[in-house]
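After this come two complexes, each holding chain A, first together with chain B and then together with chain C.
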Partner chain A sequence: MWPLVRLAAGAFASPGAFLQVLAAGRYRTSLVNSLALSTAAAFVSVAIAIVPAWVFARERFPARNLARTAVSLPLTFSGVLVGFLVIVMLGRIGAVPKLAGFLTGRELFAGSAYTLAGLFLAYLYFEIPRAVMTLEAAFRHFPPELDAAARSLGAGPIARLLHVTLPYAAPALYSTLAVTFSASMGSFGVALVLARRFTVAPLEIYTELTAFLNDAVAGALCIALAALTFGVDRLFARRAA
Partner chain B sequence: MPRIVSGALLRICLGVVVAAVLAPCPALALPAAGEDRTVVQYDCIPNYANWGGVTALYKQVTGVTVPPDPKGSSVAMAALEKEKDNPVADCAYYSGAIGYQAAQKGLHQPYKPKGWEKIPDALKDPNGLWWTVHTGTIALVVNTKALGGARIPRSFADLLEPAYKGKIAYDDPTWGGTSFTFVYGLNELMGGTDKDFRPGLSYLRKLDANVSSYPRESIYNAVLRGEVPIWINADGNGYKMKYVDGGPVEVVIPAEGTFTMPLVMGLAAGAPHADEAKRYFDWLLSAPAQAEFAKSFFRPVVAGTLPAELAAKFLPDADYRKARALDLSKMAAAADALKKAWLDEIRGTGR
Partner chain C sequence: MSLPVSPRRVARTVGIAVTVALALCLVAPLVVTAAGAFVRADWYGQRSEGAEAVGTLGLFRYVLGLWSGALVTSLPESSSASPRRTRASRRSSPASRAWVR
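This part shows the complex of A and B:
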């Protein structure tokens, strides 16, 4: 708790800090960017995670454990490492442009690691596993009788997913959104490596501290970021309940 | 196999792996009992100015360890200031203006290492709060194989051509002092002053269209591999890629002119190993240490210590006559404002 108190004290000691953060400019842009990027990453990663999570929770198939381990692997990577992986794939001489150059004669996607798309892909890379793991746990508790009942009434697999499983799993979906959203809001290493002009709040906090030793603005940014994350999480939590 | 055995085995394996991972890491290795033979230097990047070779040689000569440290100048100064009440570092290495600023902030204590009189007056603080260990020159470090058919750029004006789109990088000047020197000097070159940054920023805004990234870590290896074809950085890093690592690299002094950069050091206030650090400083100005720096093509500050076969590999003096010295006190005074302006106008506006 003590570090939190000191941080808040630093921010509130100079009242101008919050005004600076909320005024139009680099700080506010970074908060808005963080919010937009994290929200998009949360929704897209949860949408993508539904099917694999369902399969892992309900089906038994060969190499299931291997597949689960492979999916959860990115969770163990630090953000900086994920950033470098994206450069290896999508950098100016990345694997994807080289392969595209070999196949089509044109080096497609060269340097896209440093664009907003590259940053978004990196976020997805570590959010999808998080979403799969969280959703899988929820899907495990899904009562098979419901599915069997729907099937006996003649519902196909897609109809069952849309009308039975997803409504039943809605709370789990919302809390998974909250988990992935919060993780993205706090993510720092990926943006440190990849972000060129697109800036996110944790990056601005780092810059304020390291380049300018501006504790007040850094603290105010931290608090604003935390408040924003908490607020959106509450929204998700309310939908879940 | 009984479960308990496999659990124990697993734990042993894990232990071995953890030990193997930690063992080669000098920062974590425990010093032998009664031994305190370490000097902590902030900003000690092995690939920059051959710090890797210099610290290895020092270890070999004296047994004292100087661990690598990845901070850039600005971050090193910030860390010293943060830790003022409880210092961790003994010394720091910076590009000139940032070291000057750190000394002004009271983060250094005076020391005049052996060989002090051999350092030109303009390159040291009269009170011993900072002094130069070697100098570099801002240049274009070009990986010629990675240019994708574009010709080698010869000037700052060339860099604005569309052929170089996505092929240029310079470090975030809020991170590294080399890049700060570039941004400050460029502004002067374009007609700006220490109060008026518009000419430099206006050029950098145009350059931004061709820049792939503003890194906050050393991209030496990325340039060598060709991930970054053009790096605006210190000339020595380019010569080292060319002559030591055998990369397809050319160093270009821009036609419009460029800037010299003294690289300075200072003894940290409250340094925990102050005496050890002083002996280290004395050694750094000795002929063997100066010649070791020169292996990475940073020019020794002590005249006559640059080995002739290395001197021959630099670009001709005619090129270096285009390099001007910058006023460190003005640079230091403008540092925060210029970094902020750069963030606001170049990096931070979002895209």
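This part shows the complex of A and C:
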């Protein structure tokens, strides 16, 4: 707790720091950007992860281990590397624009790595594997007897999904949302590489510390970011319970 | 009347297809980036004149000569054992000199 206490002491020593952070301006904008981006990334990554997680947990097929390794590979990458990969694919002379130019004559998506959409894709790139692995562990414990019982009672695939599978998996889904949201809120390397036209809270903290040596505002931003993350996590945890 | 293909089988096939597609999407950026170190293609970024002149092997030699110390330091187990290299010593490594030349 000592580092946290020091951080809070530094932030509260300067009463204006919190007012600066919460007043309209780049600090509050960075917090709102972080919150919106992380929430969207968490929901979309969990939505995309449901099917692969279910397949990895319940099905056996050729190259299953290879596919599982490929899906979990981005978990080992640093944020800076993920940012670099997104630039290679969606930069101004990236692979996707060049491929689009070859196919259609127009270099679509050129430079989109540096937009909000590019950062969102980068967040998805490292959040989807996290969501798949977390949900897979939960789906492994899903009792197949429940599904079989519902089927024997005449329930179709949609009815079983809505009334059996999803209610049973809801706590795992909320927990995965909390995990992916927290990881996105604290993501720094990706934003450092890609965020050109907007800002997120970890970048502002870094700038305040390294460029302006403004410990008070950096500490206040840290506490505001931690409080936001904790608050949203508690919401997810309450839903999971 | 029963369907020629069971819904369970269709769902399984679609699920596996989605999973494989996701795996390919996640690996594609890594493959393209790694290929960039070996392939001479105009579309892959703007290579420096030095990279063009030295070639792939020289490129790796240059990177390892310059950053091998940092790579070793990045390994947690060996971080305490690896000696830190100064900027001056990096610049004077044989690979760096070959690169400059």
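Going forward, the second predicted complex is superposed on the first by the 239 of 241 C-alpha atoms of A that agree within 3 Å, B and C clash if a C-alpha of one lies under 4 Å from a C-alpha of the other, contacts with A are read in each partner's own complex, and residues count from 1 in each chain.
The rule is short, and it goes like this: contacts are C-beta pairs under 8 Å (C-beta built on N, C-alpha and C of every residue); 3 or more make two chains touch, one makes a residue touch a chain.
Just so you know, these numbers come straight off a predicted model, no measurement behind them.
In the superposed model, A:Val190 lies in contact with neither chain B nor chain C. In the superposed pair of complexes, A:Cys222 makes contact with neither chain B nor chain C. By the touch criterion stated above, A:Ala178 is placed in contact with neither chain B nor chain C.
In the superposed pair of complexes, A:Pro74 makes contact with chain C only, with no contact to chain B. Look at A:Ile128: by the touch rule set out above, it reaches chain C but stays clear of chain B. Residue contacts after overlaying the shared chain place A:Ser30 against chain B, while chain C stays out of touching range. By the document's definition of touching, neither partner reaches A:Val21: not chain B, not chain C.
Contacts of A:Ile93 after superposition: both chain B and chain C are touched. Where the contact sets of chain A with chain B and with chain C meet, they give residues 91, 93.
Only residues 48, 51-52, 54-56, 59, 61, 63, 66-68, 70-71, 73-74, 84-86, 88-89, 91, 93, 95, 98, 125, 128-129, 156-157 of chain A touch chain C when the two sit together in their complex. Within the complex formed with chain A, the chain C residues making contact are 7-8, 11-12, 15-16, 18-20, 22-24, 26-30, 32-33, 36, 43-46. The touching residues of chain A, when paired with chain B in their complex, are 25-26, 29-30, 33, 87, 91-93, 110-111, 114, 116, 192-194, 196-199, 204, 207, 209-213. By the touch criterion stated above, chain B contacts chain A in their complex at residues 74-75, 78, 81-82, 146, 166-167, 174-175, 208, 211-214, 216-217, 225-229, 336, 339-340, 343-344, 346-351.
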